[in-house]
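Below you'll find a set of structures to go through.
Next come two complexes, and both contain subunit A; in the first it sits with subunit B, in the second with subunit C.
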Partner chain A sequence: MAEKYISRSSAIAARMLGGEMMVMSAVDSTFFTLNEVASAIWQAADGRTPLSEIVAAKICQEFDVDRERAQRGADRFVDELSQHGILLVSGQPVEETDSSLSPESR
Partner chain B sequence: MSLLAEMNQKALNLGLPISVHLDITYRCNERCVHCYLDHDDHGEMTTAEIVDVLEQLADAGVFFLSLSGGEVLMRRDFFEIVERARKLLFNVKVKTNGVMIHEKEAVRLRQLGVEQVQISVYSHRPEVHDAITKLPGSLKRTIRAIRFLKSQGLKVAIANVLMAGNLSDQPGVIALAKELGVSYTLDPTITPKMDGDTSILALRIPGADLKQVFHNQELVGNVEEFCAPPPAPAEDVMDSFACSAGHTFCYISPYGDVFPCVQFPLPSGNVRRQKFLDIWNHSAQLKEVRSIRARDLPTCSTCAHVGTCTRCPGLAYMEGNMRGPSTADCEKSFQRTGIPSANMLKRTRAGSAGPLIQIQSLANSVQNDAFSAEENLVTA
Partner chain C sequence: MTTALATTEKGTVPGEIGGTPIAVRSHGLSFRRPNWLSVVIAIGGVPVRVNTTDQDFLEMLRSRYAGFVSAESHAEFDFDVDLAPPAFSDPDADVSVTRRSGRWCMERGDFRAEWEPAARRGTIHQTANPYSIDAVLRIVHTLVLAKQGGFLLHASSAIRNGKAFLFSGVSGAGKTTISRLAPPDATLLTDEISYVRREGNRYMAYGTPFAGELARAGENQRAPITALFLLEKGLQNGIQPIGATEAIQRLLRNILFFAHDPELVKLVFQSACEFAGSVPIHRLVFVPDQRVWDIIR
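Our next item is the complex of A and B:
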């Protein structure tokens, strides 16, 4: 299966609230809250780390979940958020951008 | 409960400010007759100070940020502020009169991912709108701005402040909003000036006209439901508080002063001297606001409307007591339902010169018993 690289769109609003990430699309105002696992994927979405590596290194280790289940969940999560333009998905690593122009996640 | 309401509840439970209204200037290119602000610059926060505040707000957990004024575009660094706010991933709403928005500004707002632009429109007729703003040509420029913003795909809302002088034009503003493809909100609230001057309250819609507004299906939806008499208060009503002011929301002035709300001028700290979170967590004033529950309101806790009233604690504060009634909201509850508030009954009794039971000569009286006296109190 082709590798996926995910990055956060700049056309969003986002904030961590009590362990959950709130994310709203600036394009269609859809609003999501991400649980701890989804928030971990979100935080790791740097456009350069393959999704499979995020799942293996972050999700499986930090949340004690088997690889296959974690990958299925991560794929569903990425599909849904990418449909709303909240996550950007690429088959190639995204070139590093000027960090002064990147959104700051807090 | 919607996801957004759940997040608001979570912020409330955690004691976090999820929403902040930041006025970046009080300067304005209009001079609206009902405006509560002093438009001189008494030392606004610099760009660096505002950026520092934004970073503190982001760290404090603020998600919704309203940038307003004055007229926000009177600041040359307006777009720098919005850019910084968006980089910090706030959901940004901008309130403006639109007069200074051309295509270039509309493009920039779209590029920055602003959630919504709210624009004040007082009438669809230039002679009425411009007389309120005291800026000739302002309606034309405002409508042009709305078209530019819409052409960029931005969400635009027309905010229609209703006063006695423009009430009859309200259907025209709704039609204008429809024509422009933007949403419409109305606000019949005129507040005293921030220095306490109440002269502009004379612009408020008279009670009988307010009743018409509340009984307009196009504005309120289900009139029967909206104007229904208040139900008996539920058990938990006495534990409730008025609104989000000071609980999950606060207001910051261009001078760094922090208040519970833009309509609640209770000084609670200043971000030029204190960290925002220190003010939010430790201000004695905010703690006092948060402590107030319906049961603590001497008059309102006895009122039939206690569970449904839109009582504004800030307007009550401006009337002299944050635990007191807000007479503007008493009037709204009364005009909506026909049932007077406890405050109205109390004031009528206090204001009546004669005894409760009056004896009149038969020739001048239709009814002269205690019930007629009470009836008069109710409908006064």
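Our next item is the complex of A and C:
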């Protein structure tokens, strides 16, 4: 399966609160609450790190889950958020479009 | 977990209608008539002057917004109302609010309005009814408030002992019921749409003329917001804690939000987060009995 590179859209508003990331699409106002695992993927979505690497480094190492299950979950999560334009998926590494919206900078 | 927000905004906005840009369809409203009559309506401390050439319409406005008519001539914004014949109306149509080149275009089946905040002027094309201008005022205030970290909220509100309390919920949750149960020393600000304004480090609730089932305007008063209660009818009265993310999600669900505009969505999201970080938000389970007010403090 081809590698995926994920990055955060600039058309969102996001805020971390009590270990959960709240993300709202500025396009269709859809609201997501990300749990700890999903937040870890979200924060690692720099457009340059392959999703499989994020799963290995951020999920499998920090949570009690095997690689295959973690990858399936991550794929589902990425699919869902990309359908709302909140995460952008590419087959190639990309530069982050708007770093001012990254959760770390808020 | 995902939740699609139930905002009051409906649908996307047609860029053009019948191939004609909206800005061109303004019916010559930029030309002022010599015999304008005016009334200044100040909601949330923001005076808006409404100009019309129709004496009956003016009287209707004075009566409907009675507690909110300002004696001052100063106004932040001017709106010229161009009254259309009664045939121009489709109350079932969706509202659309779009921004183009610094100008907001607001449209529903029963009105078309434009507003240019920088020029402090706007125009409203509607029939002689109270509902269209009421909708325009609500939209304008949501846009004004969004810039300042405030919002209009689907909530009833009241002042008691100098403190404002907000009671939010969807239709049927009990906004009007809890207003009816309020003790005599409570001042009702609204039973439908609460006005939340950030002033320095605190949030103030203002009375609004936007009424629900009570069908009467709130008092034109204000007070610092002490708490927001999310209403739920139950078998006994009680206040329950609520998680921060759920509080923000519920808050966002009840903020009036008309425009399909990405910058505005971000502002509203930030406002909701700031508000939830500053004002206690609880779940209020209640039975329709005036004793519920004993636990509101």
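Quick note on the criterion: the second predicted complex is superposed on the first by the 94 of 106 C-alpha atoms of A that agree within 3 Å, B and C clash if a C-alpha of one lies under 4 Å from a C-alpha of the other, contacts with A are read in each partner's own complex, and residues count from 1 in each chain.
Methods note: contacts are C-beta pairs under 8 Å (C-beta built on N, C-alpha and C of every residue); 3 or more make two chains touch, one makes a residue touch a chain.
This structure is a prediction, so every number in the text was calculated from the model and none was measured.
In the superposed pair of complexes, A:Ala56 makes contact with neither subunit B nor subunit C. By the touch criterion defined above, A:Glu80 reaches subunit C but does not reach subunit B. Contacts of A:Ser29 after superposition: both subunit B and subunit C are touched.
After overlaying the two complexes on the shared chain, residue contacts for A:Val89 are found with neither subunit B nor subunit C. In the overlay built on the shared chain, the residue A:Ala11 is in contact with subunit B and with subunit C. The residues of subunit A shared by its contacts with subunit B and with subunit C are 11, 13, 15, 17-18, 20, 22, 24, 26, 29, 31-33.
The part of subunit B that touches subunit A in the complex is made up of residues 3-4, 6-7, 10-11, 14, 16, 18, 58-59, 61-63, 86-92, 113-115, 155.
Looking at the complex, you find that subunit C touches subunit A at residues 1-5, 7, 9, 243-245, 248-249, 252, 257, 262-263, 265-266, 269-270, 273.
Subunit A makes touch with subunit C in their complex at residues 11, 13, 15, 17-18, 20, 22, 24-33, 35, 80.
Those residues of subunit A lying in contact with subunit B across their complex are 10-18, 20, 22, 24, 26, 29, 31-33, 101-106.
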